[in-house]
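In what comes next, chain A is part of two complexes: it sits with chain B in the first one and with chain C in the second one.
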Partner chain A sequence: MSSDHRLALDNCIKCSICVSHCPVARVTDKFAGPKQNGPDLERFRLEEPAAVHPSIGYCTNCKGCDVVCPSGVAVSAMNCRARGEYVSMHGAPLRDKILARVDRMGKAARLAPSLVNRLAGLRPLRLLAEKMLGISAAMTMPRYAQKTFLELYKPQNVGDTGRKVLYYPGCYVNYNAPEVGLALAEVLAHNNIRVEVEQFDCCGLPLIANGLLDTARDQAKKNLAKLQGYINRGYDIVTTCPSCHLTLRQEYRELFQLNTDPLHEKMLDVFEYLSVLLQQGKLVTRFEELPLQVGYHQPCHLKAAGCGVPSREILQLIPGLRVADLDAGCCGLAGTYGFKKEKYAISQAIGSNVFNAVKELGVRQVISECGMCQLQIHHLTGVAVYHPLQVLAQACGHGKWLAK
Partner chain B sequence: METDKAQVVVIGGGATGTGILRDLALRGIPAILVEQGDLAHGTSSRFHGLLHSGARYAVKDKEAARECIEENMILRRIAPNCVELTGGLFVQLPEDDPQYADQWITACTEAGISCAEADVQELIKKNPVLSPNVTRAFKVPDCAVDGFRILWGNVNSARRYGARVLTYHRVSAIHQSNGRVTGVELINQLNGQKRSIECEMVINAAGPWGGEVAAMAGLEVNVIKDKGTLVAYNHRLMNMVVNRLRPPGDGDIFVPHGTITILGTTSTTVDDPGCTKPGHDEVLALIKIGQEMVPELESYRLIRAFAGVRPLYQAGNATGGRSVTRNFALLDHQQRDGLAGMVSIVGGKFTTFRLMAEKTVDLVASKLGVNAPCRTAREPLMTPVSEELLERGKKVFGVPGARKAAERLGDSFAQVVEQVEKNPDKGRILCECEVVSLAEIEHAAHSGDSFTLGDIRRKTRMGMGTCQGTFCSYRTLGALSGYPQFAGNHWEYLTKFLQKRWKGMRPVLWGQQLREAQLSTGIYCTLFAMERMR
Partner chain C sequence: MNKYTDVLIIGAGLSGLMAAAKAAEQGKEVMLVAKGMGAVGLSSGCIDLWGYNLEDPNQVCQDPLAEIARLCAVNPQHPYARVRDVLEESLLFFRRVCQENGNPYLDHRGGNWLLPTALGTLRPTYLAPASMAVGDLQQVRGVLVVGFRELKDFYPDVLAANLKKSGVLQADCPLNTLMVCAGGGELTPNTLAYRLENPAVVDRIVDQIKPHLLPGAVLLLPPVLGERWDSQVAKNLAEKLGHPVYEVTNIPPALPGQRLQQMLLHHVKGQGVEVVIGCTVNGARVADKRCTEVLATGAGKPIKISAKTVILATGSFLGGGLESKPGKAWESIFGLPVETGHEKWSARDFLSMAGHLFNQMGIKVNEHLRPVDKTGEVIIENVMVTGANLAGCNHPIEKCGNGVAVASGYKAGKLAGEVGE
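After this line comes the complex of A and B, so read on.
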C-alpha cells in the first residue's frame, strides 16, 4: 500500500456523511455502506487482504461518497480496489464477466442488431437468462442500433476555425445510441468545427464496477496512449458520456496510478467545451425556437466529475426551452448493476425518487447525459429521454433529433 | 457481611494472577481471585502487545531471554487465538554500533532464539514504511499477543475447574493470627459493601500494587514502579514486529496489533502504581525516535497514547529504569519474614506470566501438601473455533467480522453465531471500527462480570478503533439499557467511558485525530448536551 493510500485511510473521521448520502444504504441493508466497506474494513485488509465483506458487491459505484466526504477520502476508489481484491480471490460469476464486456456485446450484436433486439424482448428467453445467468428478466435491455456511430459518422465540410477536436464516443453511443454522436457532430459543425473519430477500447468502467481490474488496467493503458497521441498533436478531446469522462480522467489515476494529468486540461465534456467557446464569444448562438418543457436528470458520474451541470448554461440560450431540474438523486441503474437479478429491486427502489419527480413535474420528456440513466428513466416512467445534445442539435435546425 | 471460604486467595487480576488461578484450578486447589478493577485494567493491558521472542533481552539478560522463547512457544500452542504469528524484525540503522549486532547474534544463539538475516531490499519492499537506510535486518520469532483475551482465557479455563473471580473488589485487610495468614477483607468498589474470605494462603500477584498489598500484612516488598508510555497508530503500518537492533532503549519497538500499530515505550520511575497518564512530551519523544526507523511517522494518524506501570523488582536497593532486570522473583514470606501462608510474585513480564504462575503454584502446592503437577503448558486455554463454524460466522458477520469475533470469543463464538442466525437483527454492527456486533455486545453484557462500558470494551474491543468510542458508545449503551447494570444514569455511564477515551486522545490531539475529537465533542456536548471534555 502506498503512502497516499495510508493517509487517505487516516483521513476518515467516521462522520458517516457518506453513509447518509449513499443511495444503496438508503434502500437496503444488504450493503454495509461506503464507510464500513471503505475506510473501516481497509484497516482490516492491511492485516489480511481477504478481509473484504461480500456486501461490497452491492456498491453501485455512484461515487456519491467521494463527493460528500468532508475529509477528502476517495471512499469509492477504496471500495473499487477492495472489490477487485475480492473478485481476484473469489472469481466473478459468468454473468458479471459478460455484463462487464459491453464492448464485446456490442461487437457481437453487430452481426444482427434487429434479431438481438427482438430476442432481448422475448419473455421466455429473458426468463431463461434470469434463471441461468442471473440477468433480470424485468429490466429493459438497451437496443442496438442498425449501424454503429463509427459506421454512420461522415465528416462534414466546415470552415476552418483552427480547432481540432477528437471525440471519444464510448461503447453506448457507438453501439446503442449513435444519434448522440451524430448530434455532437451536428452541433460542432454548426460552430464550424470538424470532429475526428477513432476506434477506442471501452473505457473500462463496467469492468471496474465488476471488480475485473486487471483487464480494465490493460485497456486504460492503451486508451491513454492513444489519447496522449492526439493531445500531442494539439487536439481537444470531448466526451458525451459522464462515466467514460470520469473513468478516463479520474479512475485511471485513482485505481491504476496512471498519469492522467494531460487529460485534465485537454479532455472536456462536450458542454464544458461549448461553454468555453461561449466565454470566448466564439459559440454560434443562432438557435431555433423550441417550445418544450423537459426534466433534467443529473447523472451521478457527472456530479462526481465535479464539472457541475455544463449543459445548463448552453441550453438556456435556446428560446422557448424550459428545463426543470428533477433533483431526485441517483437513478439506481448504475450501469450493469440494475441488470443483475439480485439487484434489480434495489435499483428500482433507488430510482423511485426519479419516478416521483417526473410525475410531480408532469414532464413528458427528460434529458440526461448518461445513456444508462436514460435507459433507467425510460424504464421507470415510460417518458422519452434524450441526451441534451439532441435538444441542442434540434435547436441548431437540422434534422429530427428528438423524434425517437 | 458476606463470608467466603477458599484454600487460596489470589490478589491481582493481571496476567500473573489469572495464570496462577488457572494453575491452581488445574491442580485441584480451590481458589478465588480478587481484583480491584476489571481484569487487565492495569499493566497487563498497558504494554506493546508483544509476545517477546527474548531477542530483546538476549545480550543483557540471558536468563530472561531463554524464558521468553520457551514461553513464547508454549503460548503459541495453548492460546493460538490470542497470538498472531507476525514474526519480528531487528533492524540496524547506520548510526547503530555494528559490533552490537555480532554480540546480539551470539547471545540469541546461546539463548536458543532463531535469528536469520533477511534481505534488506526485499524487506523494505514488503514493509514500505521502513527507512531505506536500514543496513542489516534479522528475523526473530516475535509475535503479537492480546492481553485481554489471554487473561479471560485463563479465567474461563480456571472457572471450568471450579475457580472463582471477584472483580471490582479491593483488598482492605489481610488477617493473620499466630504468624499465619487466615483470610482477607474486601471492599466492593461498585457499591462499597464489605466482604471477607477465609483462606490458608494468600498469593500477592498485584503487580505495581505488590508493595501496597504486602504492607497490609506488615511486610516490605520493594516494587520499583516504572511508567512506560506508548502510542497507538490508526492502522497497521507494517505486518511484522519491528525492533531496533541496539541495546534496549525508548521508542524502539513497533507492534502491529490487530488493526493498529503500537509504538513504545518510555521509562520513568513513578510513585503511584495507578499512574497511567501518558505525557505529551513523552509522545513527542517517542515519535522522534520512531522516525529513525519509520521516516514518515509524523504524517500517520495517532488515535491515542496510553501508559502502564512496569512492576520491576530487584532485591536490595536499586533506582529503576532500563538497568533493572526483567526477571521475576518469588518471595516466600514464611522463609523471608516469618509469616506463613503468604507469597509474593514480583517483577517479570507479560511473556513469562505462565512460568511465573507455575513457579508460584509449585511453591504454594508444596506448602499445601498437593502433589499434582503443573498442566498449564500442555492444556490449551480454549477449544479452537472449527472451520465449519467459522464459515457459518462469515455468512453472518462477513470475513473480518467473523474472524475477529472468533478470536475474541473463543469458546463462546458458536453461541453468538447462533444468536445471529436465529435473529439477523443481532448481527448489526455497533462498533464499526472494530466490527463488533450487537450479539457480541449482548454476550459480553450477559457474562456476569461486565459492570461498566469499559468492561464491555475490554472484552469486545468496542470503542478502541479510529473513532475512539464516538459512535459506538451511545449505540452500545442504548442496546444495553435493558440490562440491570446499565439501567441507571446514562449520562454518567457515557461520561465515565468517554473521559477515559479522551484521556488517551488528549496527548495526541492534532491532525485528523483532532478533527475526530471535534466531531466527538460536537456530538456529545452539543447534540447530547453533555459537558466539555475534561
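After this line comes the complex of A and C, so read on.
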C-alpha cells in the first residue's frame, strides 16, 4: 500500500457527500455505498485484505464519488482494488469472465456478425442465457458491425500539415460502431490531417470493473508501451471513448502504479484536439447549417476526467445546431453492469432520470460520447443516439453521418 | 489544455453558484470549476441571515436585516459590512431563481422562522424552502411527529419530548408520534427519498398515518420528502392526507440542502455556464497585481484557464480554500494572507457559545470584495473573494453562513458582470 494512498484515506472527513451522490446507493439498499466500501473499510483492508464487503460488486465504477468528494479521496479506486481482492479470493462467475472480454467477443463475432446479431435478438436464446449465465434477457445487446473499423478505414490523401495523429479507437468503435472512427477520420481530413491507426489491446476497463485486475495489468503495460512509442515519435494520440481515455490516463496510474504522465500532455479527447486547433487559428470552421435540436448526455467517465465537455466549444460553431444538456446524471448501464441479470433493474432505475429528461426536453436525437451510454439511452427512450463526432462530420458536408 | 472565459468561478458552493448565476444573467461567459461539492449540500437547506440579538445572544432576533445594519456599525470587519449595499437585492434574486425553478423559498414576514429540528429544539432561520416553512407552532392545534422505520437518525419520541419541554406549544396541544413503514430495510435519507417518489409508496404511508390524524394537526417528518428540487412528494402527501406536512431540519446529509445545490447547478447550466466538477485549482500566475492564468488539474491532466475576473469561492478550511499548519494559515491558491491572531484557534468546549476562532479566520477584502493586505492595499485586482473564505464571521454561532454566501456570491457576480470588454 503506497503512502499517498494511505494519506488519501485519512483525507476522508466522513461528510457523506459521496453517499448522497452515488447513483447505486440512491436506488437500492443492497449496496453499502462509497463511504463504507471505500475509506471506511479500507482502514480494515490495510490490515486484513479479507475485510471486503460482498456488496462491493454493486459499485458500477461510475466515479461519481471521486468527482463530488470535497477532499479528493479516490474512492472508486479503493473500490476497484477491493473488488479485485474479492475476486482473487472468491473467483469470478463465468458470466463476468465472458462479459469482461469485450475484445474476444468482438473477435469471435467477426466470423459471422449478422448471425450473432440475429441470435442476440432471439428471445428463447436470451432466456436461456439468462438462466444459464445470468445475462439479462431484457437488455438490448450491442450490434456487431459487418466489418471492423480497422478493416474499413482507408487512410485518405490529404495535404500535409506536419501533424501526426494516432487514433486509439477502443473495442466498441472497432467492433460495434466503426462509423464513429470513420467520422473522426472525416473530420480530421476536413482539416488536412491524416489519422494513423494501430492494433491495440482492449484498454482493460471491463476487466477492471469485473475485478480481473491481473489480466488488465498485462494489457495496460502493453498498451502503454505502444502509446509511448508513438509519443516518442512525435505523435498526438486522440481518443473518442471517454472510458478508454480515463482508463489509459488515470486507472493505469491509480490501480497499477504505471507512469501515465506523458499521456496527460499528448493524449487528447478528439474535441480537445480540435479546440487546440481552434485556439491556434488552424481549425477549418467552414460548416454547413444543421437545423437540429439535440439533447446532450455527459458520460460519467468524461465527467470524471475533470475537463468539462470538450465538444461544447466546437459544436457551438455549427450554424443551426442547438444542444440542450440533459443534466440527468448517470445513465446506469456502466459497461457490463446493466447486462447482469441481478443488476438490470438497478441499472434501469438509475437511468430513469435520463428517460425523464429526454421526455421533458422533447428531443428526438441525443448525442453522447460513450458507446455504452448511447446503447442505454436508446434502450431507455428509443430515440436515435449519436457520437458528437457524427454531428460534426455531418456539418463538414460530406456523406450521411446521421442516418440510422 | 488552455481555456479562456470572461468569469472564472472557483468553487461550487452556495457563493460560487450565486456568483455564476448572476454573472451569467448579465451576459458574461462563465466557467465554474470545483474540486468537489460545496457545504450547501450538507446544510439544512435553510438560508440563515442572522440568528440572535447582538446584545442578548439568548434572544432570537426579530428583524435580521435591521440587526445586520447595527452589526455593520459596531463590527465593520464583518463580511456583511462589505455586502450590505446588495443584501436585500441578493435575497430577492435568490428567491426569484428558486421560484422560477419550482423550489420556492419563503420568509417569515421579515423576521426569523423558528423551525423545529430533529432533536425537538427550535432554530432561527431567515428563508426556508416551502416544505420546511412550518408557521408559528404556538398556534397549532395538534402535532403528529412521523418517523420511518427504515431511517436511522430520526426518532419521533426524542423530537416530541424536547418540543414539549421547549414550551413553545400551547399547554393543551396534543402531541403524538408515529412510526410508519416504507417497505423495509435500513435506508439512507437519499434512498428513502427515492423510494418515496413512487406514488404507491406514498399511498401506503397515507394509509398508515390517516387513523392517527387529529383535525387541525400539523405533521412533522424527517427531511426525506422528495429527491429533486422540483419533487412533488411533500405536496402530494399533504393533499392526500388533507393536512399540511413539514420537513424538520436534520443532521447532514439532508435532502433540502442537496435539492438547493442540484437546483442551482441545473439553473446555471441552463444559463450556459460551463460547469466542471472534479477539477482542482492548484495555483495561479499573477503579474502586475493581476491574475493572468489559473493552473488546474483534472484527473491528473494540467489545464490552464485565463479569465478577466476570477472569483475565489473555495470555502474555508472545510472546502479546502484555506490551509493551515500549527500557528499559520493561508489561502491555498493565491497564497493570500490569513490573519490568525494570537489567541487559541479553538475553544475547549465543542459547542462553546463564544464559537471557535478558526471559523472567523479568512481573507480580508475591500468593498469590491478584492483581497487586501494589512494596510488595505488591494493584492490582486481581478480577483474577488466570497462566502466562507471571508474573514470576520462566525457562522455557526451567528447563524449567517448561507446568508453571507448568498450576498457575497451575488455581489461578486454582479461586479464581474460590470467588468468591461
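Operating definition for what follows: the second predicted complex is superposed on the first by the 404 of 404 C-alpha atoms of A that agree within 3 Å, B and C clash if a C-alpha of one lies under 4 Å from a C-alpha of the other, contacts with A are read in each partner's own complex, and residues count from 1 in each chain.
As a working rule, a contact is a pair of C-beta atoms (placed from the backbone, for glycine too) under 8 Å apart; a residue touches a chain by one contact, two chains touch by 3 or more.
As the structure is a prediction and not an experimental result, all values here were calculated from the model.
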item: Partner chain in contact with A:P54 - chain B first, chain C second, else both or neither; value: first
item: First (chain B), second (chain C), both or neither touched by A:Q250; value: second
item: Touched partner set for A:L290, first chain B, second chain C, both or neither; value: neither
item: Touched partner set for A:S71, first chain B, second chain C, both or neither; value: both
item: Touching partner for A:L41 - first (chain B), second (chain C), both, neither; value: first
item: Which of chain B and chain C A:A32 touches, first, second, both or neither; value: first
item: Touching partner for A:D325 - first (chain B), second (chain C), both, neither; value: second
item: Which of chain B and chain C A:C15 touches, first, second, both or neither; value: both
item: Winner by number of chain A residues touched, once chain B and chain C are compared; value: C
item: First, second, both or neither for A:V309, with chain B first and chain C second; value: second
item: Residues of chain A that lie at the interface with chain B and also at the interface with chain C; value: 13, 15-16, 71
item: Touch list for chain C against partner chain A, complex; value: 1-4, 31, 35-38, 41-42, 185-191, 194, 227, 252-253, 258, 265-266, 269-270, 274-280, 297-303, 315, 318-320
item: Residues of chain A that touch chain C when the two form their complex; value: 13, 15-17, 19-21, 25-29, 33, 66-72, 246, 249-250, 253, 260-261, 264-265, 268, 272, 275-276, 279, 303-309, 312, 325, 327
item: Chain B to chain A touching residues, read off their complex; value: 128-129, 234-237, 239, 256, 258-260, 296, 299-301, 398-401, 403-404, 429, 432-433, 435, 465-467, 470-471, 511-512, 515-516, 519
item: In the complex, chain A residues that touch chain B; value: 1-3, 6-7, 9-16, 32, 35-36, 39-48, 50-55, 71
